[in-house]
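Two complexes follow with chain A in common, the first pairing it with chain B and the second with chain C.
On to the complex of A and B.
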């Protein structure tokens, strides 16, 4: 039988190829099924191991926080093979804590962090990024210089994790390092970067104002700086914003500066804003009108009614939002009463004022 | 004359063999690429702190547009799950597309809707919007009640009211996981030129759902939805992940995709004269951006999940597949200028030709192959061993692809935590090659014929609603 089959295969090369393909595929499917099942078994084992370790460590860590056990005694319970698991556990534990309790966790992690520092040389970006994240969460004060160095890592992922780690509340000392390298993150969404910087707190504002005012700084960085200042509601940024507004022609920077003025500006900042209501860019007109509506409680009603008839729908929408945010619903009602406003538009305006 | 016919049949056999070889090689390559991409992706997820991302004010506001047509069975539950999503700032616009059932009444009762108007941001042409409602219980919920115009028309009506930089297009009967928006928005944060991103669709049949949340994931008992679970795993984890890794995503499911509002409006919104509006939009976005030399990215993200109810009856499933095939054909034919056109980069040279030659023409080639093979065997023009071996190879290769999709799931997200479910999926990966695959091929052929005959419309769909647990 086998000899017959071999004979058939030898006499027909195409069939031989098909037979070989079939054998290879059968081997492949068996290997795939085996791999899947082994993967499941391994995953289950890892999960069970994790649960076991957590059950063992939780009372020890709680005892350490309560001061009932020394650090040395706790570390003695963690074998070298478990060290990475333990750091990961501490990281997750630390995220739920603040103040002294968190400081205890950081102290417990400190002797183990050199393991992660060594991991910063790993060839995989993701491993390095994870190491940066853990080091900065558990030992930023001690290893800050290493995290700052990670801003220049060859991987954008690692650099971004470092930037986010350095932009934590109360760590303004690292802010300038991050701002200097912001141009590297040009691909990232600007509002996201701004939010990341604003998280540091008002201490970062001087560096941001400096970046905003510097004409040699990359425009994208200046836009991020302006957005961050707006998010911080920094009152001192109104003047720089007005200055930049009258010197730049970049649309994004203009919009960002108008954003600052809308939040923290005064009537005295309005002259350069008024000039922008006739801009060709709908987004600039919308922001300019909205800034006027927000800042000028004596705003010319006919000017705002003109905004309602702007060819771009965004202009009236942004004005309405600005008036609503300023609590000026009566102004909205008065705008709606204008003879040049259509009935349909009036209904929408009233509804918008209520919603 | 007869010899001539046999020559033609052998040519057809040759074409079928070539098709089979290229198609399965591309599936295998996609699976391998996905394996590598998913492994990296999972590590990357661990390196990014998602909770930290959630807390960020920098995530762009988003509008969820959910067209609803005769969704009274599931609309309230779906909407409740949407309102509970974890995302910094979002608005929901439900567009009732002329439902004939009590969809609007159910929504009105559940969310205390009152008439309210708002200024439109766009002017895409749509069927008449009869009324606009806002919710008194949820400030971020709006309902548009419009005359029936189809899903694309409903999405355009929602787009006309969208005020946020991003919008999420989804089905009213889909359930988004709580962190789905946070996860899917990541490509937009990481790359400012991202114009669209799609998430993964999973089958909710067999899962335990409460308050619009999937509490326990499991395989459905009936065979038909169970087979679809495997199909979806293969399509998303092996197929779309592979195409994404190659930078050539050509499909984002209409059940869950996030888009940049401005670019979609500039490109003309959704096409209302096709049943494949989701794919057509993606192909058009590629074309729009390439023709204007805009820097752009269209991404697939494998971890944000939308759960959907799959058809449980053959007739409904057949209609769905018929519609999908028609949508594919309509989308591809409309943009045929892209075929092998270097102007469109890897889309024109790789992705589009793949979908055009293998996915669109596939059913025709396969059917031609079955017929010519049958003739070849019937008239003893080829060795039965040869034919049998070929079919066994085809079946085993199909099983390899399906089992590799199960392996990818186990490698990455492990949603089916019950080992029995895993074994069942593996078994289905083999079993589906005996009947189900041929059936879906036949349905796709039916869709191709329908498209050639100019058939329009979605066909009737039925929803049973999700399996729920008590609140206790």
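On to the complex of A and C.
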């Protein structure tokens, strides 16, 4: 039978090719199955090792938190080969604890953190990012300078992990370092970056105001600074926002500054805003009208009525929203009675004013 | 009298499996109350729970006189032979006997092992003792941190990892204080709180919400539903303990 098969193959060279391809495919399948099984076995071994280590360490860490065993006694239970596992294990506690217990966990981790500092030279971006995250969580005060240096890492991932780690509540000392490097994070959304900075708390506001006012700072960074100040509801940012409105022509920065004034502005900040109601950009006109409607309870009725006829439908919508948010129902009713309002829009306006 | 390690382990398993089953059945038993059909439906499960404990009792009898053992066997026999009319009282007698037996077995097991660990099978005894805290959290490490800190201070801690079980356990058992998460499988913490407050048993039991939901609105929502305190995660076990002690301090 084998001879017959060889005979058939010899008679047709294409069958040789087909047979060889099939054999190669079979070999590939066997190799893939073998690799899968080997990886699975390795994962199982790692998992079993993890479980064993956790069972060994948990009572020790809990006893350490309770002050029943010394740090040295605990560290004696961790071999050098297990140190990275142990740091990861401590990280789980650190994420759940604060106060004196959290301080205990950080103290336990401190002698082991140099291992992670060495990992910052690893060629794999994810290893470095993980090391930055863990160092920040367990030793930011001691290793803050190393995390700041990671803002300049060649990988955007590592730099972003560093920026997020340095933008924690109550760590304003790192704010200026993060703001200075914000330009490299252009690919992230401005609102995300603003939220990240605002999370630090009101202590970061002076650095943000400085960035917003500085004409040499990248426009994208100034926009992020303005958005963060708006999220913080920082009352002192109204004046810088009004100043920037008078000096910039960048649409995004204007919109961001109008956002600040809408939240924390005052009538005295309105002059540069009034100049923007004739902007060519619908979004700028909408924000400018809305800011006037929000801040000026004696707003020029004819100005606001003019907004109702704006070519962009968003302008009247934003004005109405702002008037409603400001509780200016009388102004709303007077606009609704104006001749420039269509019947359908008039009905909607009256309904808004009465609701 | 001495006890080999193998025998101790076997004893513990019997107590643990039996008492775990009984603990799980306990809400259903309280719910059954005067409903004879419910008791009849529960009887097979109860026997299943009792058998490992009976086995353990026989093993331990060889080692020491076990209080409660003498009354256990007749009660079990009564369950096996009972008519429908007798079943409820038989099961009740069996339960009472079992609780006594579990206490004594647990104490004995503890003495034999000379261990500081919580005696196997003592969960029901735990629930009946003073200074009891029910921890309703689905994160094991958080539970371990709380349990460790509270047990250091002499509290006895029971744990449930979902809202439905927490309500069933709490409605059937007295606790001095309940620590409640908000995000839970099944019923969420607010729903659990509402049900606890509408029950006679836990209308006034202090409840502390321990949640990662950090907004002021969530705290207000919890306090309005009847929580006595609201603590945000990450948390300090020492601070939690201080708040518990404040709430449990006699006014």
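Everything that follows uses one rule, which is that the second predicted complex is superposed on the first by the 287 of 355 C-alpha atoms of A that agree within 3 Å, B and C clash if a C-alpha of one lies under 4 Å from a C-alpha of the other, contacts with A are read in each partner's own complex, and residues count from 1 in each chain.
We take it that a contact is a pair of C-beta atoms (placed from the backbone, for glycine too) under 8 Å apart; a residue touches a chain by one contact, two chains touch by 3 or more.
None of these values were measured; they are calculated from a predicted model.
In the superposed model, A:126 lies in contact with chain B only, and not with chain C.
Applying the stated contact rule after C-alpha superposition, one finds that A:164 touches chain B and leaves chain C untouched.
Applying the stated contact rule after C-alpha superposition, one finds that A:316 touches chain B and leaves chain C untouched.
Touch criterion met: A:101 reaches chain C, while chain B stays clear of it. Of the two partner chains, chain B is the only one that A:19 touches; chain C does not reach it. Judged by the touch definition given at the top, the superposed model places A:188 against chain B, while chain C stays out of reach. Touch criterion met: A:66 reaches chain C, while chain B stays clear of it.
Between chain B and chain C, the partner in contact with more residues of chain A is B. Chain A residues 95 lie at the interface with chain B in one structure and with chain C in the other.
Of all residues in chain A, only 58, 62, 65-66, 92-93, 95-102 touch chain C in the complex they form.
Those residues of chain B whose C-beta lies close enough to touch chain A in the complex are 40, 43-44, 46-49, 51-52, 56-60, 116-122, 134, 139, 163, 188-193, 383, 385-386, 389-390, 392-393, 396-397, 399-400, 403-404, 406-407, 410-411, 414, 419, 422, 426, 430.
Contact residues of chain A toward chain B in the complex are 8, 12, 14-15, 18-19, 21-22, 25-26, 28-29, 32-33, 35-37, 39-40, 43-44, 95, 124-127, 129-130, 133, 157, 160-161, 164, 187-196, 198-199, 231, 313-314, 316-317, 320, 345, 347-349, 351-352, 354-355. Per the touch definition, chain C reaches chain A in the complex via residues 139, 141-142, 144-145, 148-149, 152, 233-239.
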